[in-house]
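Order as written gives the chain letters A, B, C and D; numbering starts at 1 within each chain.
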Amino acid sequence: MHYQKIIEEIHTELKKSSPEGKVADYIPELSKVDGNKFGVSLITCGGEIFKIGESDEKFSIQSISKVFALSMAFSVLGEKIWERVGVEPSGSSFNSIVQLEYEKGKPRNPFINAGALVVCDMLFSKRSDPKSEFLGFVRKLSGSGKINYNLKVAESEREHGYKNAALINMMKSYNNIVNPVERVLELYYLFCSIEMTCTELARSFLPFADLKNEFNFSGFVLTKSQIKRINALMLCCGLYDESGEFAFEAGLPGKSGVGGGITAIHPNQFSVAVWSPLINEKGNSVKGMKFLEKLTTMTEKSIF
Amino acid sequence: MHYQKIIEEIHTELKKSSPEGKVADYIPELSKVDGNKFGVSLITCGGEIFKIGESDEKFSIQSISKVFALSMAFSVLGEKIWERVGVEPSGSSFNSIVQLEYEKGKPRNPFINAGALVVCDMLFSKRSDPKSEFLGFVRKLSGSGKINYNLKVAESEREHGYKNAALINMMKSYNNIVNPVERVLELYYLFCSIEMTCTELARSFLPFADLKNEFNFSGFVLTKSQIKRINALMLCCGLYDESGEFAFEAGLPGKSGVGGGITAIHPNQFSVAVWSPLINEKGNSVKGMKFLEKLTTMTEKSIF
Amino acid sequence: MHYQKIIEEIHTELKKSSPEGKVADYIPELSKVDGNKFGVSLITCGGEIFKIGESDEKFSIQSISKVFALSMAFSVLGEKIWERVGVEPSGSSFNSIVQLEYEKGKPRNPFINAGALVVCDMLFSKRSDPKSEFLGFVRKLSGSGKINYNLKVAESEREHGYKNAALINMMKSYNNIVNPVERVLELYYLFCSIEMTCTELARSFLPFADLKNEFNFSGFVLTKSQIKRINALMLCCGLYDESGEFAFEAGLPGKSGVGGGITAIHPNQFSVAVWSPLINEKGNSVKGMKFLEKLTTMTEKSIF
Amino acid sequence: MHYQKIIEEIHTELKKSSPEGKVADYIPELSKVDGNKFGVSLITCGGEIFKIGESDEKFSIQSISKVFALSMAFSVLGEKIWERVGVEPSGSSFNSIVQLEYEKGKPRNPFINAGALVVCDMLFSKRSDPKSEFLGFVRKLSGSGKINYNLKVAESEREHGYKNAALINMMKSYNNIVNPVERVLELYYLFCSIEMTCTELARSFLPFADLKNEFNFSGFVLTKSQIKRINALMLCCGLYDESGEFAFEAGLPGKSGVGGGITAIHPNQFSVAVWSPLINEKGNSVKGMKFLEKLTTMTEKSIF
């Protein structure tokens, strides 16, 4: 079946279903979003684009930005990053901070907050201007110059981010944060505040699906092997405490954000971004997860 | 490059490398195994077999049997099994038992001991003679009638299995074990005691790689979707606390046992079993893991 | 004010207060008890006895027996017992089993279940007939030959005791249980099943308050220093997760049981036993705790 | 035996014993202290003073100040403080932060760092100038106007205090910290930085031993019952993870600091302060603990 027909069919079906979950409400900026938004963009490795709904409306990508930050750090520092952050799934979030204590301040993987904070710390150490470089990298990846930080969101997150402050101070006490915690947090929240559309997101993740072309964006280069390993990390750790569930149901490497976005890829086939702001208590878009499960069912394309 | 050439090359290289890890020594029966054994069998979906080393020598498959038990239970009970066991990676083992307390006796997934015990409890409830049915199922899967339990190993494990006794009693206190703990433990240890060769193992896992043929062995049927989901579970949870590491390095669904075996599959390509009894402290065969990493590098066939 | 007047006044006041808590219901034998029972016996070091309510009715002393078992083991093995069990409060119960893992199978103190199981294991190793010796010891302490085990209660507890089975197997896996787990559990439940009256209990604890006389009962001898240390343990660890609360409010060394009994002592002054079967979710008698708080307020006799 | 003779005898014996432990070295200011210092002051409720060694040399009292802060807050807010901080021992420190998560940001007691931070937050809310009021209170208690903060120590602690920053942010995320974390931390470190002599400390704690006189210092009043309860807290929670050990061995309410000081009281008898900067890994003065154990043995005065 044709991709357009498939995404339309799923979109229509889910659009009708009764809404579950709720919009992220821990900061005012995110809570204002209309919960009925529902956009999808799918781009094949061949370059075809398929869209439905609010696919070209900007939203806060939040944790999806962790994939971009990891890619930059992996490109800059190579294998050395694994000395300070692991590659194992984190189990459930309830013990995230005891895990940090038990493992002496080394976070389990770069997609939990603690791990992404360490990644930001690395970039802070190694780049003279990580803020603009990050933006430049994402703009190149997505092919769109109109991507920006939302400073108000970043500031609001920082003000409410006591749990992240607890995590970074805990890691600092184990010397796994090198730079001043305030500066690293600032960078972290800036990265999370980026706003993109589904289409821009799908395009940004296409290089992770398309292994035939070289990965080289504004000077950040990844080898084929490095891309595959980022994909493996997304599959095992990309959806917080539901990573296993998502691998089990959708079978695709993906990354979610509390803004309601999920981006996933099928190696050598396509990249897809969904946005529906109603999230469950694990922080994942309810309709986003369902959409991707149905997509792999109907296309018969999980990676397994 | 041809598979035979590849597995020979890797085998030769690793054979020369200095031995790391040690033979499982918590029961006498396992500790007697010669640490230098090193066998490999790879079978393609097309039916070609490639072997090297002690590929046709029996060894104790231990936890690899958890895949067979799960397959039987999934076939018999369907989606209902997920009410009693989860599909999320377990994080690190250090908190396995506190996780059980925190999540009211529901284990994170069917490949950690707690989860496999629940699976055994389900089979005990639903089948009149799970012992012989399990054996029949594995014999059919592998196409070999010469597969048997090692009662001495099973008994020895039971005698030393205080941690498993702790786990099952904890779950029983939360009513997630229905049958008498002693009977379920007996079944569990019997399943773990099965002895197979690399070739038999590779053949048994071929149906998980080969999605073109129907999965129906001695009456146990799995749909394509169910097989894919077992593969997803293997990828995220198959190698204990190193599942992420293995997904990251090898990128294949697999399952390991403390006997030194690891079986992995590449969907629609091949099934492969490696045996090298020297295991690391996480319980995984050191050379087995390295072999499979090199295999995906040289064949350029990870699933990502 | 005279003790009799004080205990009558408090008894009357609490008798009128609306009932809180509920009778222990995890085994049928305990759940049958009448929740309105409310007895008190106070015996001074001078030998005077004061009573009110159902002070001479038998009830299941449950965990109060841990003090007797510890006394026997302390007498027999001396300081060596602290190699296998600690003297620190256990924090909250939620992490009791992770604590065992973290501290390699050594329980925090002899008044949590894990610690009492280790004490039983020691007695099992050192005494030829711990069952009858324990009974003999308690009979001597209380001066009553009519104290007995309730085998039905012991058996019923054993049948439902999955959490204790989890704890003892966990400790066995760390080699901190020497004898067969089933035998140690049997002894443990027998000790818990003992039935005594308030008066018998108060008399049994008098030797812990009365430091002027030698402690020597059926051959079990404790020095003054050992008695003081058992009292210190009771103060810090005697009321499960409410030990701090009880020290804070009542300021007396004491020990509670889920049967609704609490025994406490004031060094050189008195021993007191209260029984009211309605317990809170921490396992302590609601009226029992209140009674003892009021007692120290009205007598102005906390140890601080 | 006369107190002077006793403290001299113990002092001489311990002075000769080989040094154990090491000076706190996490900040430069504390690490410079001479490990051989060893002072003792004991003041009876009758007003007699007994001294030996460096009893009139200033040192950093550190966590001993938590008793003063609690006393002020208890006086100002009364029973309301227990809504935000508990009275239970904390178990071992390894799970201090997971305990905070599990119990939704309410620390177990006011003598662990998390609890003392909440106490500071309360004082910050309720007093216009907590810094000078605290100093005034301690000066009154000790009868010495020459007590001061060491700003350099406070600042140095703040700079290295990542674990405390983690704790306070965690509690803030649960709304159990009302004021800005930086301000509360500043106050906390200031309180810890106070410098006193053994004699000043012993005198400051005398009102906790001497229940005959009214507790009223620079306007902060405590009832007899409140004092007793602070004593109970000290007994159960005053020496970090060794509180049980100390209650077991010495049997006195006390409070220690990483500067090597320990102050303890015997109700209606005496107050005693010991200073020996060599601390064990739990943060308690090795000789200080031994001194107090021997003191209760030789005086036969534990509270039990």
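The rule is simple: a contact is a pair of C-beta atoms (placed from the backbone, for glycine too) under 8 Å apart; a residue touches a chain by one contact, two chains touch by 3 or more.
Owing to the predicted nature of the structure, the values given are computational and were not obtained by experimental measurement.
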Could you name all chains that are in contact with chain A and with chain B at the same time? none
Chain D and chain C are one sequence twice: same or different residues at the contact, by the over-half rule? same
Of all chains present, which has the mean Cα position farthest from that of chain B? D
Distance between the CA centroids of chain A and chain C (whole Å) is 55
Roughly how far is chain C from chain D, centre to centre by C-alpha average, rounded to an integer in Å? 32
Approximately how many whole Å separate the CA-defined centres of chain A and chain D? 47
At which residue positions does chain C touch at least two other chains? 94-95, 98
Graph class of chain-chain contacts, one of line, ring, star, complete, other: ring
Spell out the part of chain D that touches chain C in their complex, as residue ranges. 86-92, 94-95, 98-99, 102-103, 108-109, 225, 227-229, 231-233, 235-237, 241-245, 247-249, 251, 253, 267, 297, 302-304
Residue positions on chain C within touch of chain B in the complex are 94-95, 97-98, 101, 162-163, 165-167, 169-170, 172-173, 181
